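In what follows, chain A forms one complex with chain B and a second complex with chain C.
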Partner chain A sequence: MKHKTLTQSMAWLHTWSGLIFGWLLFAIFLTGTLAVFDKEIDGWMRPEIPATSLSQSAAAQQALGYLARQHPQAKTWNIGLPGERSDTLTVSAGEQRRGGGTALDPRTGEPLAVRETAGGGFFFRFHFTLNLPRDLGIWTVGLAAMAMLVALISGIVIHKKFFKDFFTFRPAKGQRSWLDAHNATAVLVLPFHLMITYTGLVIFYLIYMPAAVDALFDGDRDNLGRALRGAPAEQQVRGERPTRSEAAELTALEPLLAEAERAMGPVSSLSIHNPGRSNARIEARPVLGNRIELTKGQSMLFDGVSGEVLRQPAVSRPSLLTQKVMAGLHFAQFGGYSMRWLYFVCGLASCAMLATGVVLFTVKRRRRHDGEGAVGALLYHIAERLNVTVVAGLMVACVAFLWANRLLPVELAQRGGWEVRVFFLVWLLSLGHAIIRPWRSAWREQLGLAAALCISLPALSLLGESLGDYLYLELTSVALGLLLAWPCWKLYQAPKERAPRRVGKQPVAQVN
Partner chain B sequence: MKSKSPAWPTLSRIVAALIGGYLFTYAFTAALARLLPMDKVDALVVASLPSFLIYTLAILWTFACRNAWRAWAGMALALPLAAIGFWPQWREVLG
Partner chain C sequence: MALIAALLLACGGMLGLCLGLERHYKQLWHRLPSPMLRRGLRGMGWVLLAASFAVSVHVWGWAMGPVAWFGLISLAGLSVAFLLPYSAR
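Moving on, here comes the complex of A and B:
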């Protein structure tokens, strides 16, 4: 790269960082956009769980009854409560708080036979680990996010007519249209792109940039953890003495839940330590997103017998609050459903920006790669295939994952793992398909398949008994399917490709 | 544009941006955390949060430079910054 001007070198940087990481970023943004509705997707993937309008305290009472019958001796009971976004009531006994537990029918307090599934959490995990080993995944996604920041800023530098282009769209003009679409989706939601990328990095900021930890704390994470929490944890829990305890009745949950909700907002789960003893403790955790600040790990502690508050939720100091608010802006748990939809739509715009960007790369070179020698031609062909696989193929894989949830036999062992395998197998097949088919047919067929699978998704609920209420999810799926059918239909309309690749002098290849 | 220029200055620049830029950011963050007149925890958070912006700017700067040598020279600023950031640790090593 020998460039005379700043614009030229920034354009080079934008093109190559955008292309190389664009594919990865599309996968991250698409799954992230779906993860905005992870709980809703999760509910759809567990159709055995009935829709319920039971109050939290009534559901918690059912859970208590079940736990007292099944695990009277356990040290700790955990209850995951249904809430605004989920009808799922889960219980577990013992120390493990994570990893599901047993789903109960909130109406009867009996266990439900829920299918084993990877659940909506798959999209969430893929979004920040790409299903790689956790550390490797986090670093890969972090690198991609840095490339996104670089591409965004260099994109702003090379974009001369920032506001004029805002209102410019020249449809059906081949390369120009792709450029306009790329510019429009980039500029229109530019604050969102910048915000979501930066706050994504901020979530794991001390993993990515441990410089200050190394300089001020000699890299001692335990020491840092204590400093971040403030006072040592033992001191905060008042009156926790390892004294003998006698049997004692647990306090009523309803006023306790009301108090927790008053202090922290809606409650997501309860842990009851030493249930049925005089030293019982009840810990209540809030739903993420009662405020913008990401309240992960926050909780409130009650005396399990008297119901007295032993510990109020911790208040973050201003510097940490800044970090938690930034992380919360990324998690998008605040603001209820209207905010969720805003993030979803902006996320789709980001996906469109990335997709039009990588397509633009090949459209631009379609008429000049012949002049770039063998390496240029090879690169162009690879880029063209990967575009189909990453953009259309990944969408097919995501819907296929949902289809697998309903079509795989319920009694299959390791069923959740098989759903994930279907996702990756379909994605791999889409790569094979993109390699053997002419590019235009590959685009058309894969987009068509994704559209068809999305539109017919509601039909799956007719297959078996499904007790939940999935109207909005199914409407959204149909709407997305129709959205995908549009470019597919345009590809049918466009003239058949003229003698591919031999024509080097052909002016501008018409794309749609 | 790719085939005409030799590959190695470009490669050198990419390495300068990715590795050199990271080391520069690392040293900058350490120095800033050390110099901020705040409580340790606050200094840590305040210095670390803007680090991704610093890294981005460092990468852009490497590519905006007239040649790869200048880019590397800029990244060499990491050394004095690291000396500030890890000053107590270094004094301990030196005895």
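Moving on, here comes the complex of A and C:
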């Protein structure tokens, strides 16, 4: 075996780990980028929910009225409040369930007939589980994230002129342009790539590195949680002895909400235990992201009759705070819409970096794809097709998922499941299409389809009634569609323009 | 509003750093910059980036400001890199 230099072996590592995991990573990054706006997409997918400008306490009053009428005997009432990002007011009785509940019209307090949908949460779940069984998915994504770190570091090592080429982009020069674009999107957005990949791994530190929990707490997560909080077991509200209690009026919600907002920032939900009794308790939870720290699970407890504060929100210990800040950095719930947009655009840049990376692999080999032997040639052909499927096909599938939300009949049983099925079916079809068509046509047609579906997305709001306000989502969709139309248009031009040049001394097939 | 200010400052800063490099200066003006000018452009670039940092911290505070600033200068650098060859023609 020949002796290789460090750069050569790093280049080998970068090429192959980048290619194999690049496909997976592109899917993870694209859905993650979309998940930045998961609630907004979710709102779009439930057009029956009207846009409101009602205050939270007014909405909460409507919810209380409905719960008192429908579930006067329930132990617990849960109210999900509308907020900056969502117009949805949901209520449920009994144990709190995630994402469940009945949607109410905040103006009238009557239940709304909202279509069943997988919702924007699909992109979020796909982002970290790939729609596989949860633990398997999390492990796969974690492996891909490790590979991403490896590719980033090896990429820095093999980059010959990191600072000299900092701003270099030379368009319309074939392979050179692809390499430039890959380098520019990688180098200039490097802080984001490193941050998002590393913090992504930190979120599931207990799943990836369970040894300490197993050794110290016998794998008991609840025990660990208590130890981390550094608090004695909190008094369990639900476990309280059913002491004698008489009927009592619930305190006014408005001052209570104001107090919770002062202590924790905007409130996302309320749970009312023992409503209408003298031992009523009201638990208020904040929306995520008044600070970088991921405040999931934080809450504040009030006496439901007198309205006084029984428990202030907990303050994290430094070790836990570190993890929560890192998780918070990844979730991007802080800093409002401007930060959200920054994350979205940086995420798109990451997607562009991954896409140019995997495309570069085939562009390099298009001319002489048997340079690395028969296996290399076979891999080239597979890579060419998978590139189309993973990059263009996935984009078609994502937007087809949104189309399915509006086009599938509302009365269809298991409708949310069918939306997801449409997503995967379209993705599968795109693979078939990429196999039977020549690569240039496959790219052109799938990018064109994705662009057309994105640009015409606003037209869907004309079908049936849609009561929400989706201006920004629709504008974004159109903008993304135009962005996709650009490479598609370039592909149409390419062969014509290149024909005379090929006669000259430049046999490089150029695509852009 | 402040976001736009911080972004424009970051763009200006990145443009300064970029034109402070011989290759990119030549791309725009087809001649070599004098060492003085080059240093001036680079200095200006750093000053503008620092100003963008100050604006970010002012708006988002010490915790979130730097996060936003890294994002802003990344995007600013990216747009400078991708727009430069097109404006050079």
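Keep this in mind: the second predicted complex is superposed on the first by the 475 of 512 C-alpha atoms of A that agree within 3 Å, B and C clash if a C-alpha of one lies under 4 Å from a C-alpha of the other, contacts with A are read in each partner's own complex, and residues count from 1 in each chain.
The rule we apply is simple: contacts are C-beta pairs under 8 Å (C-beta built on N, C-alpha and C of every residue); 3 or more make two chains touch, one makes a residue touch a chain.
Remember, predicted model here, so these are calculated numbers, not experimental data.
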item	value
Partner chain(s) touched by A:Y343 [first = chain B, second = chain C, both, neither]	second
Touched partner set for A:G225, first chain B, second chain C, both or neither	neither
Which superposed partner A:G432 touches (first chain B, second chain C, both, neither)	neither
First, second, both or neither for A:F334, with chain B first and chain C second	second
Partner chain in contact with A:P111 - chain B first, chain C second, else both or neither	neither
Touching partner for A:I292 - first (chain B), second (chain C), both, neither	second
Partner chain(s) touched by A:G94 [first = chain B, second = chain C, both, neither]	neither
Partner chain(s) touched by A:A184 [first = chain B, second = chain C, both, neither]	second
Superposition-derived comparison: chain B or chain C, residues of chain A touched	B
Residue ranges of chain A touching chain B (in the complex, touch as defined)	1-2, 6, 9-10, 12-13, 146, 149-150, 153-154, 157, 198, 201-202, 205-206, 208-209, 211-218, 224, 227-228, 317-320, 322-323, 326, 372-373, 375-376
Touch list for chain B against partner chain A, complex	1-5, 9-10, 13, 25-34, 38, 40-49, 51-53, 55-56, 59-60, 63-64, 85-86, 89
Partner chain A, residues of chain C touching it in the complex	3, 14, 17-18, 21, 23-24, 60, 63-64, 67-68, 70-72, 74-75, 77-78, 80-82, 84-86
Complex contacts: residues of chain A adjacent to chain C	164, 166-171, 184-185, 188-192, 195, 291-292, 329, 334-335, 338-339, 342-343, 345-346, 349
